[in-house]
Each structure stands twice: as C-alpha cells, then as structure tokens.
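Multiple structures follow.
Both complexes shown next keep chain A, but they swap its partner, so chain B is in the first and chain C is in the second.
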Partner chain A sequence: MNYIYIFTGLGVVSLFLGLLEKEKLIKYLTGFVLLISLGIIFTLDEKGSYFNQMLLADDLVNPMLKVLLFLGLCHFILFYNTGEEFKLPTAEYTALFCFILVGAIVVTLEFNLVMLFLGIEIISIGLYIIAAGNIQDEKSREASLKYFLMGSFSTGIFLLGITFIYGVTGSFLLSDIKTVSSGIPEGSSPLLLLGTLLILSGLAFKASAVPFHFWTPDVYQGSPTHVTAFMATLVKASVLFAFIRLFNQAFLVTSQTWQNSLWLIIALTVTLGNVTALYQTSFKRMLAYSSIAHAGYMLMGVLVPEDPSYKSILFYALSYSLASLTLFGIYFLLEKKGKADALESFRGLAKQNPELAVLAAISLSSMIGLPPAAGFFAKLNIFTQAFINGYTLLVAIALITSLIGAFYYLRVIGLMFKMDNSVEKIHVGLPFRLIVWVQVILLIVFGIFPALIQ
Partner chain B sequence: MIEIAFFSLSILAVIFAILVITAKNPVHSVLFLVMTFFSIAGHFVLLNAQFIAVVHVIVYAGAIMVLFLFVIMLMNLNKESEPAKPLWLKLSGVITSGLLLLVLTAVFRKTVDKTAHVLPNPDIGLVKNLGMTLFNDFLLPFELSAVLFLTAMVGAVFIGKVKAGN
Partner chain C sequence: MSNYIILVPLLPLLGFLLNVFLGKKHFSKAMVTTIALGSVALAFLVTVITFFEFLNSGEESIKVTYYQFAQIGSFSLPFSLLVDPLSLLMMLVVTGVGFLIHIYAVGYMSHDVDYPRFFSYLNLFMFSMLLLVSSANYFFLFIGWEGVGVSSFLLIGFWFKNTNFTYAGMKAMLMNRTGDLGFFAGIMLIYVVFGSLEFDKVFSRANDFESGTFIITMITILLFIGASAKSAQIPLYTWLPDAMAGPTPVSALMHAATMVTAGIYLIARSNILFALAPVTLNIVAITGLCTALLAAFIALSQNDIKKVLAYSTVSQLGYMCMALGVTAFSSAMFHFMTHAFFKALLFLCAGSIIHAMSNEQDVRNMGGLKKHLPITFLTFLLATLAIAGIPPLSGFFSKDEILVHAFEYNVVFWGFALFGALLTSFYMFRLLFLTFYGEFRGTHEQKHHLHESPNVMTYPLIILAVLSAIGGFVGIPQLLGGSQKFDKFLEPVFSKAELKLSHLETAHLSHATEWTLMGVSIALIIMSILLARRIYFIKKIIPVSEKVKLSFWHNLSYHKFYIDELYRYILIRPMHFIHDFLNLRIEAGIIDRKVNGTGDAVMGFSKYLRLLQNGKTGYYIFGMVIGLVVILALNFIF
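Let's look at the complex of A and B:
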C-alpha cells in the first residue's frame, strides 16, 4: 500500500522537477527511491487489507511485490539514459514509468474487481503512450495506435464481464464472489459463466495469450526497445499475478468452465507462440512470440490450486523476466550501434564482445530451460504441478513445444559464436554492466538453489 | 405509466443507436449518438439515479460530443465517402458479432428474474447516498482514478513534447 503512495508521489514530484528542468536530479531521485523502497520491502513485511478490503497484502503476494520492484529497478538502471537518445522528455517519461508501476502494484494486490479494472487501465494507458515514444518512426506510431484501439476494445469486454459478475453476486469483492457463487450449482447460472469467460478473455488479451495475441508482435516490434522490455517483463508479470489472484480467490467454484477454456488457451498459446517464433527474422518479433509462449507456460500455474501455483508462477515470472531484460538490454546496445532489428545482427558478437555474448547465451539457455539456469526449475515446477493435478496431455504439449522453442533460441546462440563476421567492440557503461551481471548471476543462483525463492 | 416511458425510451435508444452506425455523414452520426445518450439518461432517471443521469448528459452528451464534433470538423471528415472494406472482413465481423448476440440473448433469456426486488434503500441513486458510498466504501478507487487521469494528461504532454522535439 505504501508503495502506491510513494510512486504516485514520485511521479508528481518528477513532473514538478521537470518544470525546473532538473533532469539529472529526476533520474537520481527515481533510482534512489526505487532502491530505498526495495530495501524497505525486504526488511518490512507489511501485511493486511486496506480501505474495506480493496487491496490485500498477504504472504502470497508480498514476494510478488518484491519481484515487481526489483524488476522496476533493473529496468530503470539498464535504460536510464535512453531518454537522451530518443530525445524523450525525462520528467514526463519518469512520471509515466512511476504511474505504470503504481498500476502494476495495484493489480498485484487487488482484492476487488474495481481495483483490478483501475490498475489495468492505469498500466494500459501509460503503455499506449510510451509505445509512441519513437514518434518519428511510423512503426512506433502504428504500435501505439494498434495497442490503443485493441486494448480499449478488450477493456470494454473485460468491463462487461465485471458487470455480469456483479449482477449475479452483488459484490465486487473477490471473497464475496466466491461465497455467493459457491451457492450456485455449476452451469445453472449462464450469466456467471459468461461473466467469467469475458473476464478471462479480457485478461488473456493483456497477458497476450493466443486467440487474443494479434497485437503482440506488431506492438513489441514497433515500440522503442526499452518500452518493449518493460511490457514483456514487469507488466506481463503483474498481469499474470492478477490472473492468479482473481482466479484462485474468486472463481474456484465455477472451475470446470474456465479451466476448460484456459486449458484450450494454454495449449494454443504454447504451440502457436513457439512455432511462429521459429519463422521470425526480426529479433524483437522473435522475443514477442517467445513472450507469448512463456505467458502460456505461466498460465499453466493458474490451473493448479492455490499455494504451489503462486510460488511456481512467481519463480517462472522472475526467471523469464530476468533473462528477457538481459536480452533486451544487449539488443539495445546493438541497436545503438545502428544494427538492424534482425537475428543476423547478433552474428559474430562473441568475437569482440565475449562478455556480452556469454551473458546473452546464459539468458537464452534460461529461456530454453537448460539446467544450470533458473529457467529449468521454473519450467520443472510448473510442469510438475500441472502433472500432479492431472493435466497430462497439457504437460505433454508444453514439453514438445518447449523443445521446438529451443531451436530458435539456439539459433541466436549459434549466430553469436560464429567467428566469420564480427560486431565491433561495444562500450558498456558501468551501471549497465553491473545490472546485467546481477541479473545473470541471479539466474544461475536461482537455478542452482531454487529453494531460495520459496 | 412507467412502462410506457421505459418502452418508448428503449425504442428510441435502439433506433438512434442503429442510425449512428448507418448514417453516412459523421456529423449526423455524432448527433444521433447525442440522442442515444439522452434516451439512456432517461433510463437512469427511471431507476431513480438522477445524479448519474445528469452527469451522463453533461459529460457524454455535452463535453465528449462537442469534442467529437470539433475533431470531425477540424479534420474535415464530413465527407460521405468511406473506403470500401473487403468482403471477408465484413463477413467475419457479421459472424463474430452475430455469435456474441446469440450468446448474450440466450444468457439473458435464461436469467430473466421474475421476482420483484425491493431495494433496501430506494434513494440509493441520489447524490447524497452516492457521495457517502463514494467517499466511504470506494474512497481508494476514487482517488486512484485521479492517477489514471493524470496518466492520460501527462501522456498528452509527453506525445506533444516528443513531437515538438523532432
């Protein structure tokens, strides 16, 4: 709860500092506040419900908040001087960054459909805007407009779902919805079913699961790289956290209905995401399809009962986001060197920049799920949980598709270590190097000691 | 009496809504939308929610529609021509929205509630009660919507500045 105050305040303060043109101060202040709040959240375990149970912080979601703030800090430092390169107005960009972070925190803590809606709207509107950050590029404009139009449509569908649920249960509170709907025999209230499915579609759009994924490749490719990195990691993780809270706290009783739909969504998502990624030549598009596939794997965690599913989704979201942030960061360096958005840009990276190539290779192998990196245990957790709960066919599909997925990640690794054509030496700043190393070391540490995260 | 009002308002709302999407001229379309909003505001009055009715008229029919008209006139969109869309696009649109209509109708037919409900407080929609609810039970969402609007406002400045910078 305090973090909502802190980051809203920080956003407003940075707007005022922008008025005084203290751009350096804004950056240092934001980094400092992020660091301090990360320190606070690791020392103080704040619990309780706020404002008539609008938000609820408990042992299950507190670790998720830590992950979100940590990702926020990593993202901020990795891309901290992007503003100058894109000639972005620093104050406004920082304010939007803070507000989106507020939205992500709200979405993670939500215990009320109204809060979920508001949080998702704050995130989405902020993203529509910063997606247009590279406005002289037609692709960026297209990405922003496309995301805006499709996003507002999906918000409408989501809102319709909320009204139907409210019509049946008479409450926005997740626990009330659960109590009322458990008194209704399965399938006897079509309005409840329809409401649940509409909410499912709305959230699946935000998490870019398959029948609702059409915006993802275009938006991820068109947006400036730091925005794409933001969407693919922090925002995606927070939407999945919202997913799991909503479906575990509110809709357990109507389970059969949404579980079947979710089953189908997951099967389609992992298959289509991985198979389509094979055919991409653009690096950002490839990562977009890979993020679709990873959303599918994370959604598998929603199917299983409460306690293990929180942990496995948390672990997966963290390992995926760390790997993803590292890759986007390294790609961003290449982009600054004027390299085109293509897999071929990575050809021969290892010759002059062995450090970057090794870091990227570890991140990619974490995404595949190879043992030394955290991605292995993340996938193992999710698949084991789903298998124990009787989703054998789904686990089989997920295993086969992650094997398919290994091809396109390995192709990038192969390209990087080809010595025929080299990428010139890239200068890496100290903060960037520090964060990238921290991320990769965390990936390996969590891969060797997965118990640390429990 | 109330039933007559309800049905005439409903029929008007549906007719105007159909006219909104069939009108060729965007300005006419916007004006029909204003009429639709007025008939929906009438529904709110029938539900004893005067505040929402008034806000609906002021905000939607007033402010937003005036903005719409300004945009259409400034961008000179009041031409009667519209680029033709491919047939498959129209067909898929008809099929998907038809399916949604089918599902919605089926759902509402099954959930018709014939029992009369008595509200615990019939004046729930009046300004005083609404304010009490808004500032007691829903204080946090009310305040957070300020963050939402601030985001949108900062966004407008952001896009304006990015454009000016290049």
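Let's look at the complex of A and C:
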C-alpha cells in the first residue's frame, strides 16, 4: 500500500525535478528509492486491506510484490541510460515508469473489480506513451497507436464484463461476488457466465493470449527495446498475478463454466506462440511470440484452483522475467552497436564477448526449461499441478509445444557460438554487468534451490 | 559440527568456481594455488573435526537434511548429507590423500601454461567425489558420480592437443556411460520398489524382503554394472590403463586412490541390498577375482611404468570387489584405505621419476636411478613392500584379511587370490629392479638432467610413505593381539547386512589355521620376490623390444590378452556395421523422412500462421471479435 504512495510521489517529484533539468538526480533518486523499498518489503510484510477492502495485501500476494519491485529495480538499472538514447526526456520517462509500477502494484493487490480496471488502465496509458518513446521512428509511433486502438477495444470488453458481473451480484468486491455467485445454481445465470467470459477475454488481451494476442508481435517489435522488456516482464507478471487472484477469489465457485474456455485459450496460445516463433527472423518478434507462449504456460496455473498455483505462477513469472530481462538487455547492447533486429546479429557473439554469450545461453536454457536453470522447475511445477488436477491432454500439448520451442532458443545459442563471424567487443558498463550477473546467478540458484520461493 | 559437513564438498566447489572463472586472467599463480589447496585443506580440517566429534558422540549415523530439493507429487527429494563411519572414512581418505596430491601437483605442474585450469578441474573433482561419498540418497550420489566422470574426462584429456589423449578421455567417458546407464536404471528400480531414494528409508524397507527376491537381485545387478565400470572390473576395465594419459597427479588421485573406488563404495553402501541377493554376490566375487588375476597377469610384462601401476590398480580393485562379494565389507574398505595410501604413493613416485627422466615412461630406458633419486627410491621401496604384503606394512594387514575371508568362503578362491598376490609382488619388484637398479639405460642427455624432485613433491611422498607403513595398525587382527579397531568402527554400517547373512556364516577359523594361512602366504610372497630378484637383479634381464618373438603366455600378457582387439572385433566392428545399416537404411530412409517431415510440417504451419499477422489493426480487431464470438458460442450454443 505504502508503495503506491511512494512511487506516485516519486513520479511527481521526478516531473518537477525535470523542470529544473536535474536529470542525474532523478536517476539516482529513483534507483535509491527502488532499492530502499525493496529493502523494506523484504523486512516488513505488507498486510491489511485498504480503501474499504478495495485493495488487500495478504501472505499470498506479498512475494508477488517483492518480485515486482525487484524486477522494477533490475529493469531500471539495466536501462537507466535509455532516456538519452531515444530522446525521451528522463523526467517524463521516469515518471511514467513509476506510474506503471504503481499500476502493477494496484492490480496485484486488487480485491475489487473497479480497482483492477483502474490498475490496468494506469498501466496501459503509461505504456501507450512510452511505446512511442522513440518518436523519430515510424515503427515506434505505429506500435503505440496500434496498442492504443486495440487496448481501448479490449478495455471495452473488460468493462462490459464488469458491468454484467455487477448486475448479477450487486457488488465489485471479490469476496461478495464469490458469496453471491455460490448461491446461484450452475448454468442458471447466463449473465454471470457472459460477464466472466468477457472479463476473461479482456485480461487475456493484457496477458497476450490467443486469440487476443494480435497486438503483441507488432507492438513488441516496434517499441524501444527497454519498453518491450518492461511489457514482457514486469507488466506481464502483474497481469498474471491479477488473473490468478481474480479467478481464484471470485470465480472459483463457477469454475466449470469458464475453465473450458481458458483451456482452449491456453492450448491455442502455447501452440501458436511456439510454432510462429520458429519462422521469425527478428529477435524481438521471436521474443514476442515466446512471451505469448510463456503466458500460455503461466495461465495453466490459473486452471488449478489451489494455493500452490500462486507459488507456481510466481516462480514461472520470476524465472521467465529474469531470463527475458537478461536477453533484452544483451540485445539492447547489440542494438546500440548498430546491429539490425535480426537473429543473425547474434552470430559469433561468443568470440569476443564470451561473457555475454554465456549469460545469454544460460537465460535461453532457462526459457527452454533445462536444468539446472530455474525454468526447469518453473515448468515442472506448473505441469505437475495441471497433471494432478486432471488436465492430461493440456499437459501433453504444453510438453510438445515446449519441445518445439526449444528449437528457436537453441538456434540463437548455436548462432552465438558459431565462430565464422565475430561481433566486435562490446563494452559493458558496471551497473549493467552487475545486474545481468545477479539475474543469471538467481536463475541458477532458483534452479538448484527451488524451495527458496515460498 | 555435523551440520557443517556441507562445507566439505562446498569448499572445493567454491575453489573451482573462483579458479575457473577468474584464475586465468585475474589471479596470480600463488593465488590460484592458495585457493585450490586452501579449499581442500579446510575441507580436510572440517572432516577431521567432524570425525572426532562423531567418535565422541556415540551416534551410529547422523543425517543432516539441508533443504527440500524437489517435491513433485508424492516424490520428494531432500538434499541431505550423511555422517556415518563409512562416509567419514571415505571423506578422510579423499580429502587427506587428495590434499597431499594437490601439494605434489604444485611442483609437478609448475611449468604448465594451463596451471589454473588444472587446479580448477582438480577442485571440481574433489567437489564431486565428496558429494558422492557424503550424500544421503542415491540421487545426489548419482550427481557426484557423474561429476567425477566429467572431471575424469576433462583431466585425462587435459593435454588435449595430443589427439590420443583426447581419445583416451573419450574411451573412459563411453565405458563409464555404459555403466552409468545400468546404475541409473538401478536407481529408478529402487524408487519403484522402495518408494524412496533416501538411504535410511531404502535400507530399513529392504530389511523386510526375503533373501534372493528377484527384484532385489535385479537392482543389485544393475548397481554392480555401474560399479564395475567406475571401478574398472571385467569387462569394462580397459579404460583405466588408457586413462594414464592424464598428468600423473591425476592418475594418483583419481585413477588409483579415490575415484575408481566409487564403485566399491557404492556396493559397500548398499550392503543390505547385496546381502539379500546371493546370486549377485557370487557374480561380484567371481568378477573381482577374475579381474584381479587377469590384470596382475597383464602387469607382468608391461614396460610403461604407469601402465604397470594402472594394471596393478585394476588388480587391487578386483581384490576389493572380491572381498565385497564374499561379504567381507569392512575388509574391502580397509583395503581401499591402505591401497589409497600406497598406490597414490607409487604413482607419485612414478611421477617423480618421469619428471626426473624428462617425460620418459619406458622402464627399458631407466635403471640405476637409486643413487640419483634417493627419497623417491626409499618411498617407492616402502610402497612396493606394502603392496606386496610384507608385514608389518599396511598392505599386509588388509590383504591378509581379504585372504582369510576368501578362505572362509571357498578354498579355491583363496588359492587363486593367493596366486594373484604372488603375481603382484613379482611385477612390483620387477618394476623396482628395472627402475632403480642396474645400469642407466637412457640417453646421455637424460642422464645429465637426472635430479631429485623439489621438496614440494618429496614431502607428500614421505608423508604417504609413513601412512603406507603404519596405516595398517588400525586393523590388526585379533590373532596378532590387535583389537580390530577398523572393523569395530565400521560395524554399525554393516551390522544389518551381517545379520541377514548370519545363516551363511561358516565356523570361525581356528587360530592354527589362520597362522598357517599367514605363514604360507608370507613365505610364497617372499619366494616370488626372490624370483623377481633373480631374474631382474642378478641375471639383469631387460625386457626385449617388441620385434622379438615372445613365448605364448608372455605374448598374451604383453598384448593385454588382446582384450582391446577383441572388443574391436566383437563390439566395435559389429557396431559399425549396425551403425551403417541404421544410418543408411533406417535413419536416412525412414526416420529422417518422418522427422524432417514433421519438422517441415511445423515450419510450414509456422509460415502460414505468420501470415495471420499482417499488420492491419482493423483486421486484428476483427480477429479478436471472431475469437470472442467463438468462445461465447461454445459456451452458450453448445
């Protein structure tokens, strides 16, 4: 809760500091505040409900807040210099960064449909703007506009769903929805079902699940790399956290009605994401499809109606985000060297930059799900729980598609270690190096000590 | 202190990580040495402290669970280490002897350009080996098992510019993989049968099984396949002599003292399972005996100093294996310990000789080194006496124990085992006489260059020599007024298995019989030494070069029974044939087509799916609406 105040305040302060042109101060201040908040959340658990139960912090969402703040810190340090690179004023960028972080915290803590809607809008509007961060680039503007148009459309669907739910239950509170809808006999309220499905579709858009994924490849490719990294990791994680909370808290009693639809969405998502990624030649586009596929795997956790699903989604979101941030970071370095957005840009990276190549290779192995990287246990947990709950066919589809997925990740690893080409030596700054190492070491640590994530 | 046992494998791991990542570019040579040796020394220290605490605590075994590694449904896999007499013994020997060999390697490898790489690999080996012996379940034992396999591969091929050395590494890897497959299948079967991989659970549940149950026999045979590859038993032993391609400290540490005994450890650890499978025990005993004899026979006529020692190692491992087979578990471990001392010493002496002779390994070009290398000579002599089994050196006690148990088991076994012991003393003294006595037969340059090794190499020799001499006193048999401390120490580990076997127990031998056995064996061993002396010292016979025609037996021994050639004909040739058939007909004709077909189909699918993404926003929104309509239709209409 306090973090909402802290980061809103920080965003406002950085806007004012921008007027005074204290760009360096803004960066240091933001980094410092992120670090301090991270320190606080690891020592003091966030607990209690706020604004008449509109937000609720409990033991289940606490680790999620930790993950969000940690990813925020990593992202901020990895890309702290990007404002200048893309002619996006530091003050505005930082402020939007903070506001999006606030949105992410709100959707994670949501206990009320209105709050969920508000949080998603806070995130989306911020993203619409920074997606156009590279204003000189036509693609970046195009990405922003497309995202805005399609986002508005999905917002409409989402809002309509909320309306129906309110109409049936008379409340926005998740606990009330649960109580009321458990009194309704199954199948007797088409409005409740309609509302649930519309909300499901609206959230599926944000999580970029098929068939609401169309925006993802274009927007991911067109946006500046650090914005793409932000969407693919922190934002995606927060949407998934909202997903699990909403469906676990409010709609569990009507599970039979929406689970089949979610089943179908997941099956389509993992298949289309992985299969289409095979044919991509653009690295960012490939990662966009990969992020679609990973969203599908994470959604499998929503199907499982128990507390462990929080943990497994959390684990997956964390391991995926760590690997993803590392890859985007390394790609960003290549981009700065003037390399084109193509897989071929990675050819021969290992020759003069063995450190980067090894870090990228470990992250890619984690994405595939190879032990001892964390991705292995992430997939294992999700798949095991789905399997125990009887989703055998879905697990089979997920396994086959993740096998297909291994191909395009391995191709990048192969390209990096091809010695017939050489990428010139890339200078890696100390903060960047520190963060990617921390991320990769965490990937391995979580792969060896999976029990660390409770 | 038992809680800190994790430090024992962890410290070398830390040393490995530091040296492998930073060693070459950022650390000085002294720093690399400090890290590599320091981590092993600290591990040794922790082991010693834990050992004494354990002795005082009076516990039988302490299991320390650190964390839950994986929890998949009902399958739980904790990371836990075991402190018990057997694991402590292994850890003491591995860290102790390992540390001495590390010190020696500082001198031996001092001129190598890849000094940091060498020490990081050595530390990796120490980590894996210590994890192997300290793990409290089969899973982490297997991780360590694979880890020692990898480090062995890396170190055999350490000088990878020599293609033959790389091939030797590959041979070791392939043979070990064959065994690993068996071992892994065994582990899976253990889980299926006992529902756990934890030693304590498996062994207590095994207690309820009848002796001779089929499934237990299967498990033990699979485990033995793994053990026989790692511990170089027939038919998977040929990798070990080739493994001598690695630097000599590696041969001493891994391919003599510690790594190759992992198989022995595995069987000793699973003693209850083996005790329930009399059939497997017989297989183990016979395999061990055959290996001991075959390898000893081959060692008789080898001319490469390291090859002789390698075959000697195979032969001694055969003895340990046989001891396990005749259910003399603690005798096998006793022999493991004394063997670690004297065989490590022999290899280090060989290294010292090779060092002095400017990388010459052929004994035909040595001779008369006694006065040039006095310390090496004295320590080598001591180790040779120990391995030959001359009282009161360590080898005498451990070998005598094994012989007595073999006699209790079967007189024929005893006869063959004693014959092997005679061969052992013969080839060892042959080696001693050819190397240190007589005239120098090397080149003039080599003679000029002869020198005793530096202190950093000779001190480990002296310490190991002392251990080889007195190491046997912990297991003096009752017959000689000893109290068999060693057996008593290990008793808790093997007590259950011995209970299971009690119905087989033959009457204890009378003192008179034991005296006779001991007297006979000592007398015969001394005779075989005198025979070696007569041939190689008095008659000064030097092994002839390859071209001269040899007698039938001599030829067989010299060419190692043509086992490598035999494998080439019965395994590799047919393998090539099958390979060609599968490759050209099945693979290219059938499988490739299917696989590529699937791949092409997926790729083709991908190509069309990609077209869904045409960049037009209106079309995208249309797609989303269609999707939504389909979802709603599925729910409301069907």
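In this text, the second predicted complex is superposed on the first by the 454 of 454 C-alpha atoms of A that agree within 3 Å, B and C clash if a C-alpha of one lies under 4 Å from a C-alpha of the other, contacts with A are read in each partner's own complex, and residues count from 1 in each chain.
Following the convention adopted for this analysis, a residue touches a chain if its C-beta (ideal position, glycine included) is under 8 Å from a C-beta of that chain, and two chains touch if they have at least 3 such contacts.
All values derive from a computational prediction rather than experimental measurement.
Engineer: Report for A:N62: first if it touches chain B alone, second if chain C alone, otherwise both or neither.
Structural biologist: A:N62: touches no partner chain.
Engineer: Where does A:N389 make contact in the superposed view: on chain B (first), on chain C (second), on both, or on neither?
Structural biologist: neither
Engineer: Is A:V102 contacted by the first partner chain B, the second partner chain C, both or neither?
Structural biologist: So A:V102 only meets chain B here.
Engineer: So, does A:P190 touch the first partner chain B, the second partner chain C, both, or neither?
Structural biologist: In the superposition, A:P190 touches chain B and chain C alike.
Engineer: One more residue to check, A:N2. First (chain B), second (chain C), both or neither?
Structural biologist: After superposing on A, A:N2 lies clear of both chain B and chain C.
Engineer: Kindly list the residues of chain A that each of chain B and chain C touches, one partner per complex.
Structural biologist: 190, 193-194
Engineer: Looking at the complex, which residues from chain B come into contact with chain A?
Structural biologist: Within the complex, chain B contacts chain A at residues 103-104, 106-108, 110-111, 137-141, 144-145, 147-148, 150-152, 154-155, 157-159, 161-163, 165-166.
Engineer: Report the residues of chain A in contact with chain C in the complex, numbered from low to high.
Structural biologist: Chain A residues touching chain C: 145-146, 149-150, 153-154, 157, 190, 193-194, 197-198, 201, 205, 210-212, 214-215, 217-218, 257, 260-261, 264-265, 272, 275-280, 377, 380, 384, 388, 404, 448-451.
Engineer: Of all residues in chain C, which touch chain A in the complex?
Structural biologist: Residues 67-73, 602-603, 605-607, 609-610, 612-613, 615, 617, 620-621, 623-624, 626-628, 630-632, 634-636.
Engineer: Quick check on the complex: what are the chain A residues that touch chain B?
Structural biologist: 4, 8, 11-12, 15, 50-52, 54-55, 87-89, 92-93, 95-96, 99-100, 102-103, 106, 112, 114-115, 118-119, 121-122, 125-126, 128-130, 132-133, 135-136, 189-191, 193-194
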